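These notes concern the structure reproduced below.
Lettered A, B, C and D in written order, each chain numbered from 1.
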Amino acid sequence: GGKTADTGSASAASDGPTIALLYGTTGDFSFMDSAYKGFTEAQQEESFAPLELSSPNTDDYQDRVDLALSQNAALAIGIGFQWQQPMSETAHPDTAFVQVDADTGTVIDDVTTISFAAEQSSYLVGVAAALASTSQHVGFVGGVDQPSIQNFYTGFEAGAKSVDPSIVVDKTYLAPLGDFTGFSDPTKGKEAAASMYAGGADVVYAAAGGSGQGVYEEAAASSTDAKKNWAIGVDADVYQTVSDTIKPFILTSAIKNVDVAVKTSIAEFLDGSLEPGEVRYDLSNDGVGYSTSGGFLDAYADQLAAIEKDIVDGKITVPTAL
Amino acid sequence: MTDGQEVLVRLSGIVKRFGTFTANDRIDLTVRAGSVHAVVGENGAGKSTLMKILSGEESPDEGTIEIDGAAVTFRSPRDAQAAGIGIVHQHFLLAPALRVWENVVLADEPGPPVLIDAARARREVGELAERTGFPVPVDAETEDLGVGTRQRVEILKVLYRDARIIILDEPTAVLVPAEAEALFAAMRDFTSAGAAVIFISHKLDEVLSFADDITVIRAGRVVGTAVPAETTASQLARLMVASEMPVVTPRESPVSERVVLETRGLTVAGTEAVPLLSDVAFRVHAGEIVGVAGVEGNGQSELLAALIGRADATGTVLLDGDDVSAATTVQRRARGMGYISEDRHRDGIVLPLSLRDNAVLGYQQLAPVRRGPWFSRAAAAKAAAEIIAAFDVRGGGPATRAATLSGGNQQKFIVGRELLRSPRLLLAAHPTRGVDIGAQAAIWSELTSARDRGLATLLVSADLDEILALSDRILVLHRGRIVAELDARGVDAGTVGEYMTGARGGEEAA
Amino acid sequence: MTAATTAPAASAAPSSERRRARSILSSVLLGFGLLLIAQWVCDAPGLSSSSTWGSALRLTVPIAVVAVGALYSERAGVINVGLEGMMIGGTWGAGLFGWFGGPWVALIGGVVGGLVFGLLMAVLCLELGLNQLVVGVAINVLAAALARFLSDIVFSGLDGGSVARSPRIEGNVPRVSLPFLSGGFGTPDPLRDLEATGIPVLSPLAGIVGGLTRDVSLAAIIGLALIPLTAFVLWRTRFGLRMRASGEEPAALQALGGHVHRTRYSAVLVGSGMAGFAGGYLVLISQGYVENQVAGRGFIGLATLIFGNWMPGGVFAGSALFGFSDAVGLGRPETFRGMLFVLGAVFVVLGGVRLRRRLGARAAVPSLILGAVLLVAALVLPLPSALATAAPYLVTLAVLVVAGTRMRPPRALGRFFPRQNSSR
Amino acid sequence: MIARILRTAAGPVIAIVLALVVTALFLTVSGYSAASAFEVMWTYGTTPESLASTVNNAIPLYFAGIAAAFSLRMGLFNIGVDGQYRVAALVGAVVAASLPFPLWVTLPLTLLASAAAGAAWALVPALLKVYRGVNEVITSILMNAIATTVVAVLLADVFRSGGGQNTGSAPIGENGSMPALIDLGGRVQISGFLPLAVLLGIGFFLLHERTVWGYTVTVANLSPDAAESAGISVRRRIVTSLLASGAIAGLVGLPHVLGTAHRLDGTLPTDLMFTGLAAALLGRSHPIGTALGALVLAFVERSAQVLGIVKLPTEVGTLFLAVVLLSSALGYWVVENGERRLALMAAIRRTRAGRAKEASTR
């Protein structure tokens, strides 16, 4: 989130069309932050009047869509699959709609839906985890037991098993469906990871938003001379955001380029090339991927590249939970 | 009055207002060292308020306090304690979950700073109790104690702080005669050592035999002073409330033969092997008052609870020949049982509610107040107005909150509520506890006239005089058993007292 | 009832203490035995592994601290529904202080953050006599809103900070282990080796002891030390006695010259400071403030306080139960089964004992039924994995169903006591 | 009469003024323009769409508030409204989607089923309180967490319909959805739950103020001992009050399920309990007061949506809510204290005058 001290004036700051970002609240260390980042970056690169319609409430999606229309937004970008219903039910003759993070195969009239193949990037980090693991035992910490997070697991497990079918994959969700504290409870994340590392796992993939912080801390804290433990981040390149003492334990991150999706949609809209219909962000168009910061994957770079190519070419079909 | 002995306390021109109400209106009071000074007056006269001012709990709006001839200002009870004043409140101020010794030493704990030397505190309290003749179980939790013991704890709190001026606000209202005697004896020891005792009571014979000086207060003002030797109870009573001493009109009709209440083998199990009430059998006839005497905690409470249907009791209860042993409280009340509870503030009346709402308490399931599912507020208000008029309840109308009534008027209201329904059987516990002479006279006359109309009454009271005055027959309860059944006309307080303490009776009666 | 019983009580004390010690010892042994059986039956080595017990310890601390803090306030007569908010204040304060002062200063910041809301609660409840539930609820809402609002102003611009996160706190408070047992101060770690051997009985014991004594953060030790300290304060100090009195019958305290308001203020503030400390402890784990990281622990603390019947020992038992089941729920599924097995067995044993002692069917039957259900669940039923996340709540509820005794809240809890002579 | 109205209105008015001042202070200190914030909030909040939405959003808050008030009347703190309404919302969603009957049959059945589910969830704290002496607060807190898990398991494994990220239950057709009461076109619609809310308020009032049952609850709450002596079973009052509270709580999620989402999914609002409780406390557990409280809170929530337009953080809305809550309590305090002070001053004047007269006549 950004502090914007220039207040008082409504969105007349810059010329150009009004573009609205409809989102929840930032600070989820996940795609809301990433989307917001894309939106702010776009503001620097393009000329438009930004309109941020954020709300922590889950029951006012329709209100925000209406608000965007009432503010004459030329483009409204909704972050999250919940925008599907209001966007499909609202007449918007003068406004373009983009729905980010839709389910694969979602087609809405006059709406651009963007979906991510998160299972593909998870598959690749699963491969990386299996390659890096010396104990042939890896783990997965999910924030909330919901389909989007299960999808990470499905890809991760398939990737790990593709390297070693007998590999052990632990799995823990920090909170049940509907309880979003699982995304913001690093204490639990840390203890879940601690249990896995102590049980023999040496790579743990954290798809747990803010709780992931606990997993990263635990990877560093539980590593000994005898056993090096790794953590794998999610959504953004975690290596860039954690402190220097933890960097050496971040094997890689599965990346979901929500910011790119937002930025690209805005750019396409401004140059008139944004089309309604489904856009899929996957490995083939760098919509998802994995990070190599720290160089810990250098040894497996060729293997990973080959597998990535197989996925893009369709030789490997990654299972999905969605 | 201040003949030679030095004056220990002098209050002059004390005024205290509560909002629009003036509770103390220019009161003067002089207490000599080595004397017992009684303050009497009707309910709500302002006695407790005056004592709270002297003990530093309230500050006067006007007037001065002198101790030992020096003017003092009390900002808090601590100041008053430093000046040697201790008070035993009318309503006990004990923390129920705290142990006895903790209640005693509270805010004045022995030991190094910050800490409490628990062993020393317990020892000191134990020794103090022994020395002064107020035995208490030092380690017991206060809520497990009976009233008599709680009273002793309150007194120990005062003595522990080395008070020279001891205020007792209605100390004997809840004590049986033997306990009261012990209290007076102990107080005499203090006064002979130079301390002063200020003492409030509605029992005028007690005042006359125990006090050295008497001050009478009415409506917040001093209306007279007296010395016991030169005055009589009825003079005092006239001074207080402009009414005569309560007298019992002799019964006009003989007791009827009709049995209204009969119990057989009534037993209430206790926590231990000893039952709280054991195999109690008796009868009450129409037009008869049967008194139940006993030292507090010998089964009176359980007996009433069992009869009204609040206790898990075994045995048979017959009301007018019908077995009501399995009936609920509501059913029993519907069949004509009235109940004046032991502790009006606990279960007799709901203080925050209006008199209107209190007027139907216990009768809420019956017509006229119950109309289908609806609560008839008009009927309730009518009942309240009737009670207020018929029983001379002063201090408000149906809309008044019960809490703002004085204790005596609350009591009259309860008696009125129970009698208004013309019950067949009245279970009356301590019907005049803590009420002034005027109210006592009123309540007694209501009870006797109801008796003459044929009401059967079971009267439990800690006040033996009351039992002797009102009852036709007396049952004595000791350790949950009836140890004696006496004809009230031929018996004196001493004999009853012996049965009560177990000195007489025992096997042959059981 | 009337005789002074000073002497017998004094002589009875040691023997009753010994009896209590013996019964505690025997239940610990029974529990350990059941644990071993469960471990074998459910094939759940996690039940006695040092990692589970270490986790349990770390998860217990914040709940124990916040609950024991609430104990102060409630013992003094002030209902504390605002614990969650005070903890949130603690996390934010810890994030702020820790950012420029390191971990120890973070803990202080946590205390300060809690105190701010404690002061608010004290003033509103004690001076103005506002409804204590309202104030508590309002503090929870206010703290969450303020934390985000202020983060936006303070943390957003900082390196590594955002609207939902403070910059990272570098370093951590030292961790200690027992020397010569769990490898403290550079000594060898025989317990770890023993745990690894897999010797029956000894190896699980080594796991448990090792888990509880290895690499324990000083912050956790301080937090846990607050429990015996509180017991001491409550029963052995003047402040403790006055606090209990002002929660039971403030008028009695005042009539004896005590200061009800002073006592209640101190209690509310001490309690809020502890709640803030608990927040700071969470921040140390995540090495920084993370929005919403309190995650309902304030409410759990309140529940634990009631579970513990407003007693320090009970609070510890409640939070340990909660922390242990939380740790187990975060671990492997078979460990969860094992725990259910232990619990079920305990209930069945308890029900049997109650039946034998003829305490009546009402006491015995619920524990027997619940015990049987848990045993069946542990051994046969397929358990949805989501159930593990509810483990601490289910376990606590089950224990309440079986154990539930008359709770004894402070009698003046929630009752406003106006300042003396307010009529003037 | 006028004095009484003034007196009743003074509290809330003082509360809102205080809240405005405090929020403005916060905004100004942190460099935002408070005036512009309030202005856009007011402008947006008073559009017909917003007013309609305020009324609609106030309805679940009102249900939650009345549920809380129901238990508060018996001296119980039902902090379990949260879990009760989530379980009940699932039940309601499933019933409404699966019954094949016409609307006028399905709707009442759905309401009943939800109320029953809410009551059932409240049964655990009620029974534990009565038979085991366990404080209802702790049980309710636990039951809330368990409700989350139970709903999650049922939704994921049993009632889930549709795939992808959507975890919702089966969609509810026309025959199960609550129709609009008033439809003025556009989004200016008033939910069909409004009459239910009004009925509930009237029922609450009559039940507590005009029936014998209400009288017995009052007595049982104020003095359990007096109640027992009067033949009122306190235990039964505790159980029925908690069950009724739970039943009403069961309705909280329905406006969303039957009116907005037409299924139970992740969009069910999660914070209704505390906001509803706040409404009840604002309104002092009185049905009309609670209704006003709910409307104020819903208005603030709705109008805060627009803050992004002036680049203000949405937290300002939440902040404002919290401050309204605190200052509402303060507002009552100011009124009551002021009254007492006035009465006292009048009394002193009167006694002085009386004293003077007495002196002069002497």
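Here is the rule we go by: a residue touches a chain if its C-beta (ideal position, glycine included) is under 8 Å from a C-beta of that chain, and two chains touch if they have at least 3 such contacts.
Owing to the predicted nature of the structure, the values given are computational and were not obtained by experimental measurement.
K.L.:
Using the touch definition up top, find the fewest steps from subunit B to subunit C.
P.N.:
Minimum step count, subunit B to subunit C: 1.
K.L.:
Quick check: how many Å separate the C-alpha centres of subunit A and subunit D?
P.N.:
Taking the mean C-alpha position of each chain, the two centres sit 36 Å apart.
K.L.:
Per the centroid of Cα atoms for each chain, what is the distance between subunit A and subunit B, given in Å?
P.N.:
That pair's centroid distance is 75 Å.
K.L.:
Between subunit B and subunit D, what distance separates the C-alpha centroids? Give it in angstrom.
P.N.:
Inter-chain centre distance comes to 45 Å.
K.L.:
If a residue has to touch 2 or more other chains to count, which residues of subunit B qualify?
P.N.:
In subunit B, residues 17, 19 touch at least two other chains, as defined above.
K.L.:
Where in subunit C do residues touch two or more of the other chains?
P.N.:
148, 152-153, 163, 296, 386, 389-390, 423
K.L.:
If you look at subunit A, which of its residues touch at least two other chains?
P.N.:
Residues 1, 3, 25, 145, 175-177, 179 of subunit A touch two or more partner chains.
K.L.:
Following the definition at the start, I'd like every touching pair of chains, please.
P.N.:
Listed by label, chains in contact pair as A-C, A-D, B-C, B-D, C-D.
K.L.:
Residue numbers of subunit D touching subunit C in their complex, please.
P.N.:
26, 30-31, 77, 79, 124, 128, 131-135, 137-139, 141-143, 145-146, 148-149, 152-153, 156-157, 274, 277-278, 281, 313, 315-316, 318-319, 321-323, 325-326, 328-330, 333, 344
K.L.:
List the residues on subunit C that touch subunit A in their complex, please.
P.N.:
46, 49-52, 54-55, 58-59, 62, 148, 151-153, 156-157, 160, 162-165, 168, 170, 282, 285-288, 290-293, 295-296, 326-327, 330-332, 385-386, 388-390
K.L.:
Could you list, by residue number, the parts of subunit B that touch subunit D in their complex?
P.N.:
So the residues of subunit B touching subunit D come out as 17, 19-20, 22, 308-310, 328-333, 339, 341, 346-353, 357, 361-362, 364-365, 369-370, 373-375, 377.
K.L.:
If we count contacts the way the header does, which residues on subunit B are in touch with subunit C in the complex?
P.N.:
Going through subunit B, the ones touching subunit C are 17-19, 55-59, 61, 76-79, 81, 87, 89, 93-98, 102-103, 105-109, 111, 114-116, 118, 122-123, 126, 129-130, 135-140, 145-146, 148-149, 157, 297.
K.L.:
For the complex, give me every residue of subunit A touching subunit C.
P.N.:
Going through subunit A, the ones touching subunit C are 1-3, 25-29, 33, 145, 170-177, 179, 181-182, 184-188, 190-192, 194-195, 197-199, 210, 213-214, 217, 241-243, 245.
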